[in-house]
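Per-chain residue numbering starts at 1, and chain names A, B and C are given in the order in which the chains are listed.
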Amino acid sequence: MSEIDAEAELPAPSDGLARALHRFRQSRLSVVGAAMVAVVLFFAVFGQQLAPYPEQVAGAVDTTARFLPPSMAHPFGTNELGQDVLSLTMAGTAVSVLAGFGVVLIGSLVGTLVGAIAGFAGGWVDEVLMRLTDLTLTIPSLILAMAIAAALGPGFQNMVIAISVSWWPGYARLVRGEVLAAREEVYVTAARALGAIPGRVLFRHILPNCVSPIIVKMSLDMGFAILTVAGLGFIGIGVRPPTPEWGAQLAVAQAYMPNDWWTAMAPGMAMFLAVFGFNLLGDGLRDILDPKGRR
Amino acid sequence: MLKFILRRLLLLIPVIIGLTVIMFAIARLLPGDPVGLAAGPNATPQERAELAHEFGLDQPVWAQYATYVTGLAHGDLGRSLLTRRPVAADIAAYLPATLELVLTAMLIAVLIGVPLGLLTAMWRNRWPDYLSQVLAIGAISMPRFFLGLLMQLVFAMWLAWLPLGGQLPIVAFPPPHVTGFITIDALLAGNLDTFMVALRHLAMPAIALSLSPLATIMRMMRASTIEVMGQDYVMTARALGLPARKIIMKVIGRNAVSATLTVIGLYFGWLLGGTVLVETVFDWPGLGLYATKAIISQDMMPVIGVALVIGLIFVFANLVIDLAYGIINPKVRYG
Amino acid sequence: MSEIFPRLSRRDLLGLAGAGLAAASFPAPLFAQGAGKVLIIASGQDIPNFDPHTSTGYSASFMMRNVYDPLVRVSGNPPEPVPALAESWQVSDDGKQYVFKLNPAAKFHSGQPVTAADVIYSFTRALKLAKGNAWMIRDIVTPEGMSAPDAGTVKFTLATPFAAFLQVLPWIFVAEKAAVEAHLGKDQGQSWLMTNIAGSGPFTVSRFQVGTLYQLARAKTAWQPGGGNLEGVIWQIVRETATQRLKLQRGEAHIAVDLTAEDMDALKGAPGVVRVIEPEYRTFSIKMNTAYGPMMDLNLRLAVSYAMNYQAMIQATRYADLMVGPLPQGILGQDPNLVVPRMDVAKAKEYMAKTAKPEGGFKLKMVYVSGLEQERRWALVLLDSLKALNIGLDIQPLNWPDVVASAAKPQTMADFFPVYQTANYGDPDNIAYAAYHSSRNGSWSNPVYHNPEVDKLIEAGRTEIDPKKRVEIYHQFQKVVVADAPDIFGVLERRKLGLRDSVKNYHFTPVASNAIECWPLSLA
């Protein structure tokens, strides 16, 4: 770290990337996770078009074909309205993934902002923001999300907002820690000495260094966000019908067990596999991008 | 140390104020008509106004908040608009069931997670280790309510080994109230039959709830054990042919306790709030069910009360855990 | 599979397995504690509180019917008033005066006899609190209109003749004046009655755990004739209907009161289970916003009424009958020959052509009560049906309080507003008044519809005493309402109860039949 030019201190991207890719391929689990996530994303984009009964995804019903057990025509059977469970589940991927991503994105943006300001400003600003962060952490997040979602009423946006409200403190703490550490590093001191304004130091020098841990946390959080979205749907405060959603599907299916158990299998398994994929990928990414975070 | 405890306890006051302010703000966001709901569909506008007046809902929000905080100082958490019952009494009735469930889940997680973590550390980088890693991530990824439904389907409906839900069969009278935990009270009363029945009811929801902390404890134990084995003094001791076993065992034992404590600290509040879905699936008469019902009928006093109680338990549990760290590791200073 | 073993269906296996569990999870000593014949009823609804004059909901009705007594009860199919506290009564020719003779055997749990003063006190208290079921007698019974010629006689002089007076009396319960007055407090004894009983009913509360169970025990003072062998009754809160059904199958509950059509299918042929599937006066229709927005257009309402796939509605419901007009079949004055819209796409398009936007291409909005599975299904059927008219449907689940709030103004009411209407008493006036009289505008039971002619007919129907004339009035009422097409007349869901075959002497009455009256029942 003898060079004065602060820009040069950033990790050389090409070299780091190559090493990371190499390590990534070494870890078979993360490759599996990446593959699963790719499948999930594929269904999130094309699930609705590829569904065998696309008109049912939009709400069409076939009340003469209710509760058909799994068959060639309906690999996961039909539900209480004669809709193809596989079609609904495929189409439901979009809501879960989008909502999960929305939550993680909002949470990370807000959290990063709060954490960066707290860490960089220090003093009473830091104190106030971090107390607020700690406070939000003590409120049971699911109950908070449920209360807000119930207050706002069902709907995609409302659900995302409700969950995001309790999602940012983790990022705030993470980023604040990184900022505090980075602030002391030589290149920042140097940049300051060269007369760089604080905002520029924050955005050009400090935040880029926080990107890796944030991305790792985001990928690990994706799975949990999807779980929370499904949880709200399960309790009945998720999206509106006819939009298919895994948690809501499962909630309805619960009433038909054990006789018509198949209505629960496709949405439940889809939920598990999607979350599993994101967690495997996140676990792998952590080993590569954020070796410090490895326990 | 006493000073430390006092200081931490004093910190509870801003937590209480902050929590109640946030929850009150959310309660004000509600666009619905909780009074209309509680008054019933055939109430006249005058009856609704009377009800609103009775609960102080016609006052400005700061006055409502002031009333609430004054009551709080006397342990009064307000009354439910819907049932008109005092929230504090309701929470006292529901809390033990939730605590019993969460503590049992924690116990399962520790009893299985610690030895599994040790074993996987021993088998490091061999197939059982990889398998355990996959299983751990799988366990964390499994939606608790889906797992609950699957267990119900298999163990309660198809195999009929375990009861579907609830805390006790309905004809059974609960044992005399001592701790509020049915299992412990049954043992205290010397009633083994009730204990066994209560345990059977507890099994599925506790297992469904224990998976995440179990996986986390296991992974932490594995990592810390591997770290200990690679430590210089262990290596040196081994190289010198000294009986390293004793040292390793001692260090590992301490690691086990500290990993467990960390996970409990991490998960305790999360589990208390996260039992909602499991309680819903298993009809477990705990705080989660109580809060869900209140949320759906926009009856905000119980929701604020539950959030407050869980938040306080969370903060309190972490205080206890911090103290426990100090006991196992005297190097920790109470600043 | 060899011939020795008969082929068992999966359900049979389940039943067998369930029997095994029931034995396994109830060790004998646990039973011994409960002792005697205790009837267990599985229900999804918690009992809000025990005050007979403020609580509502069928769970509260269950409680009141068993721990309190009204002047008369309702029994039979079709339902008829039968003696309760009143052993006999007389009605004046103009329908304004009712004289009730109290049963001298009637005793409160305290041992004190039930007197006319207690009756008058209870009616006055109900009117004063104006909660719970008080609306049923509001503007009909007045404090001045009640008198007690002697301790065993109560005389009512009604403010206006009311044909259904005897039908509403089962819902006004009598509490012990002295007991309530001893705990009056500042709120007419509401705090005390919330968790205490001051009744004369055949049972009293022996223990309860809010949100979990309420146990009743046979009152020592039980004076009612015709009782069964029950020592007690447990009202157990079981939220999931599928769980209620499984408990019934396993014998962990004797009666399940919230079963779905799917549960009934699953219970078909289940050993030891009796299914009760009976028509009840419980209508479901989808109200349209006749006062604001596109549905103000009668032609659009008719187009939608003819586009609705009624067959799918029935198939998605099972165990239900299509409604024929605004009144439930079987009730006094319902016209079985009434002509109502049935699915006819050609006709729907004919009416659609007369609207402002004959080509469709717009969206309408429907709300429903979140969690009500049948309403969700019907909303999807409507969405499917509207496609024929090229109309889209936004479906919005709302919590019940939000639904109630949205009904307050025409501007906030959705285009489609589904409503279940349960007849609290077996008289056409109940549904006609609540669902179509303009005085109910702004409430969930009739948010916007108003037609002066309909109002007049409803008022004539409730003050007329002669049943024949009433039938004529209600026939006319139905014709006018159907011509206005304010609702998509939906279905009458049958009441679906499940009973163990060990429950004896059960007779179905189509009035609040899920609030089980336990006194006549026995367990084998």
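Here, contacts are C-beta pairs under 8 Å (C-beta built on N, C-alpha and C of every residue); 3 or more make two chains touch, one makes a residue touch a chain.
Remember, predicted model here, so these are calculated numbers, not experimental data.
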Graph class of chain-chain contacts, one of line, ring, star, complete, other: complete
Selected pair, greater C-beta contact count between A-C and B-C: B-C
Distance-to-centre winner among chains (Cα means, whole assembly as reference): B
Averaged-CA centre spacing for the pair chain B and chain A, given as whole angstrom: 24
Where chain B and chain C are represented by their mean Cα positions, the distance between them in whole Å: 39
Centre distance in Å when chain A and chain C are each reduced to the mean of their C-alpha atoms: 45
Contacts with two or more other chains, residues of chain C listed in rising order: 14, 240, 370-371, 399, 402
Contacts with two or more other chains, residues of chain A listed in rising order: 150, 153, 236-237, 254, 257-258
Contacts with two or more other chains, residues of chain B listed in rising order: 31-32, 157-158, 280, 296, 298
Footprint of chain A on chain C - complex, ascending: 11, 14, 240-242, 260, 262-263, 265-266, 311-312, 315-316, 370-371, 373, 376-377, 379-381, 383-384, 387, 393-399, 402
Complex interface listing, chain A residues touching chain B: 29, 131-132, 135-136, 138-144, 146-148, 150-153, 223, 227, 230-231, 234-237, 250, 254, 257-258, 261, 264, 268, 271-272, 275-276, 278-280, 283, 294-295
Complex contacts: residues of chain C adjacent to chain B: 14, 17-18, 20-21, 24-27, 29-31, 33-34, 38, 40, 46, 48-49, 56, 130-132, 135, 190, 194, 209-213, 234, 236, 238-240, 243, 246-247, 252-253, 370-371, 399-402, 404-405, 443-445
Contact footprint of chain A on chain B as seen in their complex: 14-15, 18-19, 22-23, 26, 29-32, 130, 133-134, 137-138, 140-143, 145-146, 149-150, 152-153, 157-158, 219-220, 223-224, 269-270, 272-274, 276-277, 280-281, 288, 291-292, 295-296, 298, 300, 303, 306-307, 310-311, 314-315
Of all residues in chain A, those that touch chain C in their complex: 59-61, 63-64, 66-67, 80-81, 150, 153-155, 236-237, 240-242, 252, 254-260
